[in-house]
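Common to both upcoming complexes is chain A, partnered first by chain B, then by chain C.
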Partner chain A sequence: MNTTSIFIQTLIGGIGIGSLYALIALGYSMVYRSMGLVNFAHGSIYMVGTYLGIIWYTGLVLGLHVSYPVAFIIGVLLNGLLGVLLERIFRPLAKLDLMFMLLGTIGLGFVLDNLAVIIFGAEGFAVRSPLPNAPINIAGILVLPQMLLLICVSALLMVGLQVFLSTTKTGKAMRASAMDHDIASAMGIPVNRMNALTLAIGSGLAAAAGILAAPIVYVNPAMGAAVGLKGFAAAILGGLGSIPGAIAGGLVFGVVEAISAGFISSSYTKGIAFFVVVIVLMLKPSGIVGETVIEKV
Partner chain B sequence: MITVENLHTYYGNIHAVKGISFEVRKGEITTLIGANGAGKSTIIKTIAGLLHPKVGTILYDGAPIQKLAADQIVRLGIGYVPEGRRVFPVLTVDENLEMGAYHRSDKSGIIEDRDRMYEIFPRLKERSKQLAGSLSGGEQQMLAIARALMSKPQLLLMDEPSLGLAPILVKQVFEIITELNKNGMTILLSEQNARSSLKIAQHGIVMETGKIRFADTAKALQENSIIQQAYLGVG
Partner chain C sequence: MRKKTIIIRALLFGGAALILLFFPYIAQNRYQVHIINMAGIYIILSLGLNLAMGYAGQFNLAMGALWGVGAYTAGLLNTRLGLPFWINLPAAMIVAGLIGAIVGLPSLKVRSHYLAIVTIGLGEVINIILINEEKLTGGALGVSRIKMPNFFGFPINTDERFYYIILVVVILGFLVTRQILKHHIGRSFRAIRDDYQAAKAMGVNTAYYQILAFIISAAYAGAAGALFAHLNTYISPDIFEFKSTLFVMTMTMVGGMGSLAGSVVGGLTLPILQEYLRVIKDWQLVVYGISIMIVVLFVPGGVIELTRRMRNSRKIHWPWSPKPEEEKLEETNVSEN
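Right, the complex of A and B next:
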């Protein structure tokens, strides 16, 4: 096997894990731009979403074994519902200082993590992939089928989100209300409902990420911490509040992580990836994409 | 059409409107004039539902509306043109108009009204696919007015529509307001430009530090020597 194909293989692995980070980063960025709130419970919401889908697939509920796609849809919808509830909790927080948001959302994260421990136990479990476990060989490049599924479904979700936000009336209203709460509500847009929808989408995407990654990672109540942090770093890297930025940030973070693990050392992966974030932010504080600033005439 | 009774509104900790009562009559232009900080904007925002009064009532066609949220007020037929235009900068002109009609569900009616807006404001038609943030100040003002009209209001609240515009555009804005009123629109117009607004209004309210100093017909106010000196620049 030559270096090029090893590199491409590593790159695909990076894009796969990067898609996961991108889906998480989208949750941070969408909620930030619509409510001005940094949701530090998002890692835990990702963990909860993973459980809410995977439990139906692995027979943890009444011994039910629904098919993987059905479990995926159930998990995404249930976590979306959780997002709607979160809007009620976050509504008063969003009006307060950063310190209160920080404490409030981190606290909520603890509550979710510990609820998961109480309900499911601290022990995690491995999830069997719905696809064959053996890597498939595409022109000399070995890829896990589940990784391909993760990349393709994530890409579909991201394209779908963009289409939704830019073409539907509700999507445009969500963008309008993120730009100017007061004026949006004076135009008749129910801003709280738009925020709830934003949290629902962010949480749904997090569940999608978790359920897609479940057969690759180890499912346990503490799984949200590292992914939550990396997703947040990815959102900042791309430019917090920017949707294309969250996607770019997630992919860059994943690829840097995979390349440093593959070609430098797997013990320094995190250090290198966060170092890259710091360097990029020093050079461009608004992140890769940053906020579109329009010159006012 | 609107009856405001003993209105007290706080803007943060500032007692910005101190016990104000007035009326906006159907089919008329009523103008609120006064210096910066006199409380004009606060009154407009309170009627639009963006601020809520501590004391007092706002009756719209006889029904109290002072407790309603902004997104409910617009459904009653009260349109709002905010101070500083505040178009949605990263939406296109088309999308801004679409948002103005958010609460409506009559698709063909919305398209008809949008085309009518493009007839009234041909500049907006040329720029329909551009982001609103890239428009000039005058164009943004036209868009803010058109966006409010898209909600099919019976009453239009206009907050300082001439602020920061070049004289020729100010003239154009006042012409548009007059035209809207001729077609039956009731308008509450807050303006620092007392001269122009009294010229087109039927009634005027002169405000000073949160209170009403004078309230009369526009004609009487124009002839009032105190107002001539303080607001109309007549020596």
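Right, the complex of A and C next:
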């Protein structure tokens, strides 16, 4: 095993976990762009989404064991529905100052987290991977099949989202309503419905990320806090509100984390990753691909 | 008529002062005193956060970590060098203040949610340092056997005795904060909060006051840390995680962001409420979350705004609500450009 292949292996691990962060960051960015809301409950929504899919796969509901892809689709759809319902709560919150938004959404996060504890119990469980557990060998580089699945499906989802937003009529309407609520509603676009759709897509992506990563990480009701914070850091790192920014931010955050874990210090991983975010924001306050906003009096 | 309000006021304040002074003798057990002691520590944290966030508009979400810096400074000075509480308290304030200045530096470059994530990130970095620098901080096990203070040979070794130290620090903290806000520093803070660009154009040295806001709030966190370390005699890094910042932020906003009385109300109610909610076990945090959302959605100004609203609608003058001319000074309008 030489250094190069170890490096590439670490890099792939970083891209894998980075895709997870990117899917979460997309939820933050899309909702921020369309509603102006910083949704700190997104980590909890990710956790709920993971449960909504995984319970069908592991037979927690009525002993049902549906196949992994079916459980995946059910989880994504159910969590999307949750997003639509949450739009009603978020609508008044989005009009408040950032501080109040922060606290209101954190309150919602508390509710979701602790309802999950009451329903599913505080202790988590490991999920069996639908693919073989043995790492596959590609030219001397060992990769977990589940990791490859995570990277490929995330990439597909991101491309699909981009295509949906730029080509379909609904996607264009969503972008229009994100750009200017008043003009969009004057043009006959139902702005609130578009916001609900945005929340549904963001929550669906979070569920997708959670269900794909479930066999790699440990599923428990507290899993949302750390990932939610990192996803937010990734969204900010890329430039909050920008879709390519969220993807870039997530991947950069994941890769920095993996490289610092592999080559610098495993116990300082999280610290180094956050420190990189701080440094990047100092150099470019609007994030990697964010537009610079000039403040006016 | 005016005489009557003065008498009512005097009676109320006198009663409150008596209860505060003799609280350890009124309390039914030591645990109640302990909860009030913790509430006192939270009031100090909340005053600091209120100064930075409510008055200067600076997101200092590293408050929990800075609290930890204060606690570790005091704890380590006591266990390693054997220094007493009376030296550790100012030392913790100075060290936390210095770290606070570093945490505040990014505020010169980034604002609002960007500043929020930067201070959260720096708080995480501080917490990770506390966990990993095992030689210095004892790692995840924390620091134990911190000695309780001694007042000229009189040992302050119970919650009842420690209560008086906390009472004095809380009152001092409250008066100092009020003085700062009346001073030109407070006016500059509010100018920066309400309109950063305009304040700059009017000649306010914004960079200086932004950093100052961070230093002062961090020094409050440091004082709270030293009190916490010497009261509990044991500290560990998990106490000072991001969730502690959230707790302090919640109590500040439930009380009323941008109002000092709000910090006192929030700092007292939340820890006590938490104790009462223990009865419903698992549902405790669900109820807690729902109540936060109700406060944010319906009374964003917190409890203090509620009393103000009631007074305005029914023309009742609550003895504790500020007089009209003071009100201007304590506006709850906390806008982030």
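Heads up, the rule we're going with is that the second predicted complex is superposed on the first by the 291 of 297 C-alpha atoms of A that agree within 3 Å, B and C clash if a C-alpha of one lies under 4 Å from a C-alpha of the other, contacts with A are read in each partner's own complex, and residues count from 1 in each chain.
The rule is short, and it goes like this: a contact is a pair of C-beta atoms (placed from the backbone, for glycine too) under 8 Å apart; a residue touches a chain by one contact, two chains touch by 3 or more.
Predicted model only: the values in this text are computed from it and were never measured.
After overlaying the two complexes on the shared chain, residue contacts for A:Gly140 are found with neither chain B nor chain C. When both complexes are overlaid on chain A, the residue A:Ala173 reaches chain B alone and has no touch with chain C. Among chain B and chain C, the chain that touches a larger number of residues in chain A is C.
After overlaying the two complexes on the shared chain, residue contacts for A:Pro69 are found with neither chain B nor chain C. Shared-chain residue A:Asn114: touches chain C; no touch with chain B.
Of the two partner chains placed by superposition, only chain C is touched by A:Met99; chain B is not.
In the superposition on chain A, contact is made by A:Pro190 with chain B only, not with chain C. Comparing the two complexes, residues 295-297 of chain A contact chain B in one case and chain C in the other. Remark: chain B residues 48-50, 69-71, 73-75, 80, 82, 86, 88-91, 95, 98-100, 102-103, 131, 133-137, 147, 151 touch chain A in the complex. Those residues of chain A lying in contact with chain C across their complex are 38, 89, 92-93, 96-100, 102-104, 106-111, 113-115, 117-118, 229, 232-233, 236, 240, 267-268, 270-271, 274-275, 277-278, 281-282, 285, 287, 295-297.
Those residues of chain C whose C-beta lies close enough to touch chain A in the complex are 53, 59, 106, 109-110, 112-114, 116-118, 120-122, 124-125, 128-129, 131-132, 195-198, 201, 242, 246, 249-250, 253, 257, 282-286, 288-293, 296-297, 300, 334-337.
Remark: chain A residues 169, 172-173, 175-176, 179-180, 182-191, 292, 294-297 touch chain B in the complex.
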